[in-house]
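Look for subunit A in each of the two complexes below; its partner is subunit B in the first and subunit C in the second.
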Partner chain A sequence: MKPYQILLSGITILPVIGVIILLVWRKATKIQAAIVGIVSESFALVIPLVLLSTLRKEGAIFFSVPWIPNMNISFSLELNWLALTFLLTEVLATLAAMIYSLGDQDGDKHSHYYYALLLLFSLGMSGTTLSNDVFLFYIFWELMLIASVLLILAWGHGELRFRVSLKYFIITHLGSLMVLVCLITLYVNFGTANLSELILHASTLPRNTQIFLTTFFLIGFCVKMAIFPLHIWLPDAHTVAPMPVTIILAAAMLAMGTFGVLRFPYSLFPLETIQPFAIWLMIAGLVSEVYGALMALAEQEIKRIIAYSSVSQMGYILFGLGTLTARGMQGAIMHVVYHAIVKAMLFMVVGIIITVTKERDIRNVGGLGGKLPILTACAAIGLLGISGMPPLGIFNSEWMIFAGGFDSGVSIALTVITLIGSLLTLVYALRFFGKIFFGDQQPAEIMEQSPRALLVPTVALTVFLVIEGLLPGPLLAWAAQGLSTVFGGVF
Partner chain B sequence: MAGYFEIVLPIFILIGGAFAVFLLGRLFAFSNRVMSVLTAAVLAGTLVVLILHYQNIPHIINRPDVFYGLDDPGGIIYRPNAVGVFILIIGVIIGLLITLYSGEYLSRDPRYLVYYPLILLTLAGLLGMFTSNNLFNLFLLTELTTITASALVAFRFKSKPSIRAGFKYLIMSSLGTMTMMLGIYFVYRSTGDMQLVAPLATPDDLTRIGAACFLLGFSLKAGVVPLHTWVPDVYGHAPSAVSGLLAAVLSKSMLFIMPVVCLRLGMTRGELGTYLMIFANLNMLVGSVRMLRQQQLGRFLSFSTIAQTGYLMFGLGMGFYYGLEQAYGVGLFLFMIIAVMKCLAFLSAGMYEYYFGTQDIELLRGAGRQMPLAAFTFSIALAGLAGIPLLAGFNGKWLIFSTAILSGDVFALVCLAVFVLSTVIGLGGYLPMIVKQYQPAPGSEHLTPAGGQPIEVSTWMVVPTGLLSLMVIVIGVYPGPWVNLVSQVMQWMMVTL
Partner chain C sequence: MPSVINFSLVALIFVFTIPLGATVLTLLCRPEHHRRVCLAGIGVVMIGLLALFLGGEADILTGLTFMGEPIIFSISNTAILLYASTLLPLGYLVWRNPPDETLAMTPYQWSLLHLSLSAGFVAFISGQFMIRYIALDVVGLLAAMTVLTSFSVTSGLKQFIIIFQILRLGDLSLLASILLINHFSGTLEIGPMIAAAAEMPPNARLWVFLGFLMALWIKMAVWPFGIWQEKVHRHAPSVTFWISGLMIPALGYYLLYRITPIINSAAIFQRISLFSALALVVLMILLNTIKQIRYARFSQLGGVMSCFLLAAIPFSNGKLLVYYLMGLLLHRWLMLLEDEVQKPALRVLTVLFPLLLNSLWLGFNYSGFPPAVSLGWMVVTVLVVAWDLYLQYKPEPKGRFPEQVGQVRLEDQPYGGFLVNIAEWLNNELELAVFTQGPVKFAEFFEGLAGWVYRNVEGQIEKLWISIGRLLVALSEGTLSNVEGRIEKLWISIGNLLVALSEGTLRKVEEDATRSTTAVMGNALNSLADYEKNVLKKSLRWDLAWIPFLLVMILVMLFVL
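For the complex of A and B:
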């Protein structure tokens, strides 16, 4: 085994060491726990960057050790361009959330458990993106769910958190079971759990089986993406979760559904199998986009407004995936990254608003514009960003998605409606911004300054968002290479 | 009597140990803890003998010259049975942990002297049932387990629910054994013999009726729906340690004796498979649905047991119906993991009962904050039963899924859909239960024994539950060796069936 292959395993193993340290180090202060968490998580960021040059040469890096030999199951990882994009997005979102946690009151109690679970949550997602074995994939897929449920249960807000986490677990687990049925069907048919081998052979399955598996995969992953009407777990979970967890849920975990769609049905089966689903994916994307935006417009709870905006944004991504064109799907991958940055940043803004005003109802918050100028600027950039204003990132991805829609030839009308529907994003963004920062309703008490510990990561993400928007080249190249990985060079 | 004494040596040790432990206890007025250690020593000895016997199985399995007893007309012979040894090894390990646990759990019960011998006798009867090749002897050994288990269930005889539970168990189990007796009558009338060494060459209608009687009898003892009505009352009111042994090992092992007897009496594998798969659906649905509304921990776990019996029947049923060897392995694997998880669940519930004096779920809300260890082990057990990855239950779920899909048949896929439904409904029971341990009822400061302070759990309880938790995790994380083990037993099982 070559050194870089062993290094790849570090992405999953080193955070585990961090988890063990945190579980053992019971007397760790919040700062100490955070340092262990952030350092452990940083390995998951640094290692892929170190492996970048090898990845350019090799196209993909593999690591594999036998796990359950008599069942042909191994601890097998693969870093490819698609995985890289999602992995870095997820790790950056987690790091941002961990840094934000330092200034947040969430996680003050039992900090070592809190950061250990954040690490496990991220490990679940890293493992999901890297798994090259379907058994291993499912283990990581569920780990991400279990860690997030525990975080909501233990550090969520209010007594409602017990019911919400149960709802979140059961609904997303139902989606996971659909995925599990597909994974085991593949495993049973080919006698191996190795994903690379399955990708080579899956197209030999009878067409009906391929259609069945694609349907189940898509429904299962759409639950994770929170596509209407499978989104019902999202608003509550996002609202009740502590803010750093909400950031990871929205910015990173939703992306895992997109990754699943690309990694499984799209990678496994030929385009002819996926083609009949295209129109339905686009319609589902459109409905989700409009429904999420309308709900964001109707909501009064500021965290729920941004939560529903995720339902809407995932709609764009699904629409892009449904176009089955290079541009549309590249746009979808780019949208995942841009959405992660914007959403993480917007939730940070919401967190600061709640901390500063102690209010969660948009009707009770107003006039922050003059008092908190930096926060106002960040919010303005974030909300313009999510509305798709150039030159901020989402403009680029939406452009690609809509271009893909027109290219697809499936339905021009559908693309036009989706384009028009995107105006709703602007409407709820303006309502949010106008009411909170320029509304008349002053909250009863208000802090004079945004807490610096919360503001710093927010500003950093804002700057990152602007840079990403202005320099979309590298991301576009990665998305193209990722797509090439999925379709074996067809696109 | 002649032959290979090692076949019956574990039974002798258990029965001899039972009498020895009781007499020594009476003679020297041993304390509960001494009795616990003494019984554990007997079980440890049995375990060693069983493991040695297990290693010898490849050399003696299915050899006509290897038996113990009188191979004459009317004589009784015992033959090696790989599945029986495997199940007993699990049973003895579980029994050993339960015995140690009882070192604390029974410390408030004055009648502990009879408790330990009864556990030994129950296990002796169980092994005898697997090895005996004589129907009448099988009946007697079944009665032995029934009577000793009834006495264990009604162990706390001053409590009315306990007595009721013991009585109900005795009546229902006796009904099962009487049905078997009826079966023996039909078989004897047809063949004039009660030996059951090999499948009957020409089974007639009478022997097939006899087989049906045995099927019914074992089903009743295993808690197959609709013959399950005794399960919640018995496991709900028996001491948790006893429920752990009965639910984890005794009742489910009946599903493995059932095919040995029924197939030899002329029932076809297809018929047996169909029966198991159809009724598995009922068990899975009734168990998981009824579990949701339970207010008492014991009853909650009882209905969960009924659902798990369904999973086991589903796995075994596929094995018989489709002739899938893998499915038998799934059945054995499920038996092993369910035994560990279920025992852990009952023992953890027993810790709550022991320290808080109640099994009422609402009264126990938030108890996990005072007893984090019990809450942890109970959570591990419930999460394992719910099939959460990296715990033993998930591997069982994976194996059931893969076997059903491998069969590729609509019948199996319909049963798989019911299985999925049952696991999802089950989640609705297990997860709230995990949560309730940490979530006190609003405005409730009900947990009085320690005034809300953390409770230090006895080491006698910590060690067995800790070991069981470890087993749930180890089998979950590293299932390879366990799957190998089960595959080996499965091969031997195929030879003897």
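For the complex of A and C:
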């Protein structure tokens, strides 16, 4: 085994060491626990970057050791361009959330458990993106769910957190079970859990089986993506979860659904099998986009407004995936990254607003614009960004998605409606901005300035958002290579 | 030796960066210098434009790419001329504006002006449609931002939202058209795109045309799509209104000029352009007359003249269209000045200008117009002038146009307008009632079902078991009393019987035995007595007495031997 292959395993192993340290070190203060968490998580960021040059040469890096030989199951990882894009997005979002949590009151109690669970949550997502074994994939997939449920349950806000976490668990687990059915079917049919091998052979399955599996995969992953009407877990979970967890949920975990769609049905089956689903995915994407935006417009709870905007943004991504065109799907992958940055940043803004005003109802907040100029600027950039205002990042991904819509040849009208529907994002974004930052109504209790510990990561993400928007080249190249991984060079 | 410096590129960068530099200077210098900075910036930009003009028409490859597409700047005299002719009135406005008014302008407002100069320049000369689109979008945002004055005034933000949303609708329509053409042309370079658009399938071309038409109606501020301009006119400081009043319509005019081949690629597009333009003019005059709408004169007349341009496109004649465009810009310029200085002489000029411009256009271009259209063209022109004259007798109130009586105050209107009602309805009826309450109801249903099952099934089963238990108990008891008892009785009886039998047997046997024994004993004793009596009567036989002695002797001998 080559050194870089062993290094790849470090992405999953080193955070585990961090978890163990945190579980053992019970007397760790919040800062100590955070440092352990951040350092452990940083390995998951540094290692892929170190492996980048090798990845350019090799195209993909594999690591595999037998796990359950009798069942042909191995601890098998694969780093390819698609995985890299999603992995870095997830790790960056987690790191941002961990840094943000230093200034946040959530997680003050039992910090070592809190950061251990954050690490496990992230590990679940890292493992999901890297797994080259369906058995391993499912374990990481469920680890992600369990860790997040525990975080909401233990550190969530309000008395409803038990019910909310139960709802979140049951609904997303139902989706996971649908995925599990597919994975078992594949395993039983081919006698192997190795994903690379399954990708080679899956197209030999009878067409009806392929259609059945694609349907189940898509529904299962759409639950994770919170596509209307499977989104019902999202607003509550985002609202009740502590802010750093909300950031990871919105910025990273939703992306796992997109990754699942690309990694499984799209990679396993030929385009002819996926083609009948295309228009339905596009329609579902459009409906989700419009519905999420309207709900964000009607909502009064500031966290829920941004939560619903995720439903809307995931609609764009599904639309892009549904186009089955190079530009549409590249746009979808780019949108995942841009959305992660914007959403993480907007939730940080929301967190600061809640910290500063002690209010969560938008009707009770107002006039912050004159008081908190840096926060106002960040919010303005973030909201313009999510509205697809050029030259901020989401504009790049959106127009790729829309161009993909036209390229698909499915329906010009459908793409035009989706494009014009994006105006709704602007409507709720401006309402959000206007209600919070304009007017003379101010909450009774208000801090004079934003807490620096919270503001620094927010500003950093804002700068990153602007740079990413101005220099979309590398991301575009990664998205193109990722797509090539999925379709074996068809696009 | 070939020149290593591309002077056009240098001039281009110069024109683009000077306003950006002016923005920085504005933020740094004292308020009394803002006006000078702006005027100096405009002056330097004009010099740069002159250099570009002298450099001649050219496509400049920057070597940069955006999303994989090369960034090209297309230097054309038309674009330079249009841009320069929008700059001149800005310089004049800044120069002539009362010092107290310009002093009142904040650095923020000056910055908007400078930034719009840079973005507007890119929008004019970009040879790549996506970069042009981005620049247009940015100009739109800057124009909308001119109405934002303070964080404490919500009405300003609400105006901003309306203005920006309308402008963005135009931009998104434009984006749809660009992307659709790009799908067929495979490039984002404007020239090849326009050429390819004319060859697109009719269905797709219709969408492209409609997208452009919507974008044009909005950018050229044609009623009713020009409501955004009216709002900026009411609420923005006069100098910054230049972005909305002149820059954006000029960009719209230039866009229309560039897409003329698309409009002229199908008769239906020409008719839609012509008739929609004329119909909008007549409708606006009509509605204005019956006081259904009340726009400021600038917005009304500006929109009407834009309609004339749209109507003229089907009969355009090369360079003449550029002159007509320039004439329209000049008219807007005069209107803008008239709006500021309010001089009667200038007002007469602005009233009669449409008549002059349209007559000249028709005169120079008469061969292009069919007679009926020529007649219609002039009739509508006369109608517009007459209507404008009529407005002079009923002048609008001085200053900014007031809000209409009975209109809900903007401050009291919700953010998002009518969409909020739809969203709230959906939120209540679907999201809360179905998707949020749904799982709760679902859970409650299952709880109820479980309760019912517990009560009705589980309870019944329990009752059944209890009954069975009771039955068994009863059976046991019954068995105990009926079977077990009887068996017991039987056994008792048997026992009793046996006892009785035993007792009977014992009594009988024992008594009989006793009796027998007694009798036997009596008999035996009697016999023994008798025997003893008989024995005693007999004599001893000594002859047999030696036998026991003999036996004793034998035993002794056996022992000894």
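Following the convention adopted for this analysis, the second predicted complex is superposed on the first by the 490 of 491 C-alpha atoms of A that agree within 3 Å, B and C clash if a C-alpha of one lies under 4 Å from a C-alpha of the other, contacts with A are read in each partner's own complex, and residues count from 1 in each chain.
As a convention for this text, a contact is a pair of C-beta atoms (placed from the backbone, for glycine too) under 8 Å apart; a residue touches a chain by one contact, two chains touch by 3 or more.
The structure displayed is predicted, hence computed values, not measured ones.
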Q) Quick one: subunit B and subunit C on subunit A, clash or fit? A) fit
(Q) For A:D440 in the superposed arrangement: first (subunit B), second (subunit C), both or neither? (A) second
Q.
For A:E299, using the defined touch cut-off, is the partner it touches subunit B, subunit C, both, or neither? Pick first, second, both or neither.
A. second
(Q) Looking at A:P69 after the superposition, I want to know if it touches subunit B, subunit C, both of them or none. Which is it: first, second, both, neither? (A) first
Q. Which partner does A:K343 reach: the first (subunit B), the second (subunit C), both, or neither?
A. neither
Q. In the superposed arrangement, does A:S422 touch subunit B (first), subunit C (second), both or neither?
A. second
Q: Please name the chain, subunit B or subunit C, that touches the greater number of residues in subunit A.
A: C
Q. Regarding the shared-chain residue A:R263, is it in contact with subunit B (first), subunit C (second), both, or neither?
A. neither
Q.
Output check: A:H112 vs subunit B and subunit C. Expected answer is one of first, second, both, neither. What do you get?
A. neither
Q: Could you read off the angle at the CA centre of subunit A, spanning the centres of subunit B and subunit C, to the nearest 10°?
A: 120
**Q.** Closest approach of subunit C to subunit B (Cα atoms, Å)
**A.** 6
Q) Touching subunit A in the complex: which residues of subunit C? A) 65-68, 130, 133-134, 137-138, 141, 150-154, 156-158, 160-161, 164-165, 168-169, 172-173, 175-176, 179-180, 182-183, 203-204, 207, 211, 414-416, 419-420, 422-424, 426-427, 431, 435-436, 438-439
Q) In their complex, what parts of subunit A are in touch with subunit B? A) 67-71, 135, 138-139, 142-143, 146, 153, 159, 162, 165-166, 169-170, 173-174, 177, 180-181, 184-185, 187-188
Q: Using the touch definition up top, name the residues of subunit B that touch subunit A in the complex.
A: 388-390, 398, 401-402, 405-406, 420, 423-424, 427-428, 431-432, 435, 438-439, 442, 478-480, 483-484, 487
**Q.** subunit A residues within the subunit C interface of the complex
**A.** 167, 171, 229, 231-232, 235-236, 291, 294-295, 297-299, 367, 369-370, 376, 384, 389-391, 395-396, 399-400, 402-403, 406-407, 412-413, 415-416, 419-420, 422-424, 426-428, 430-431, 433-435, 437-440, 472-473, 476
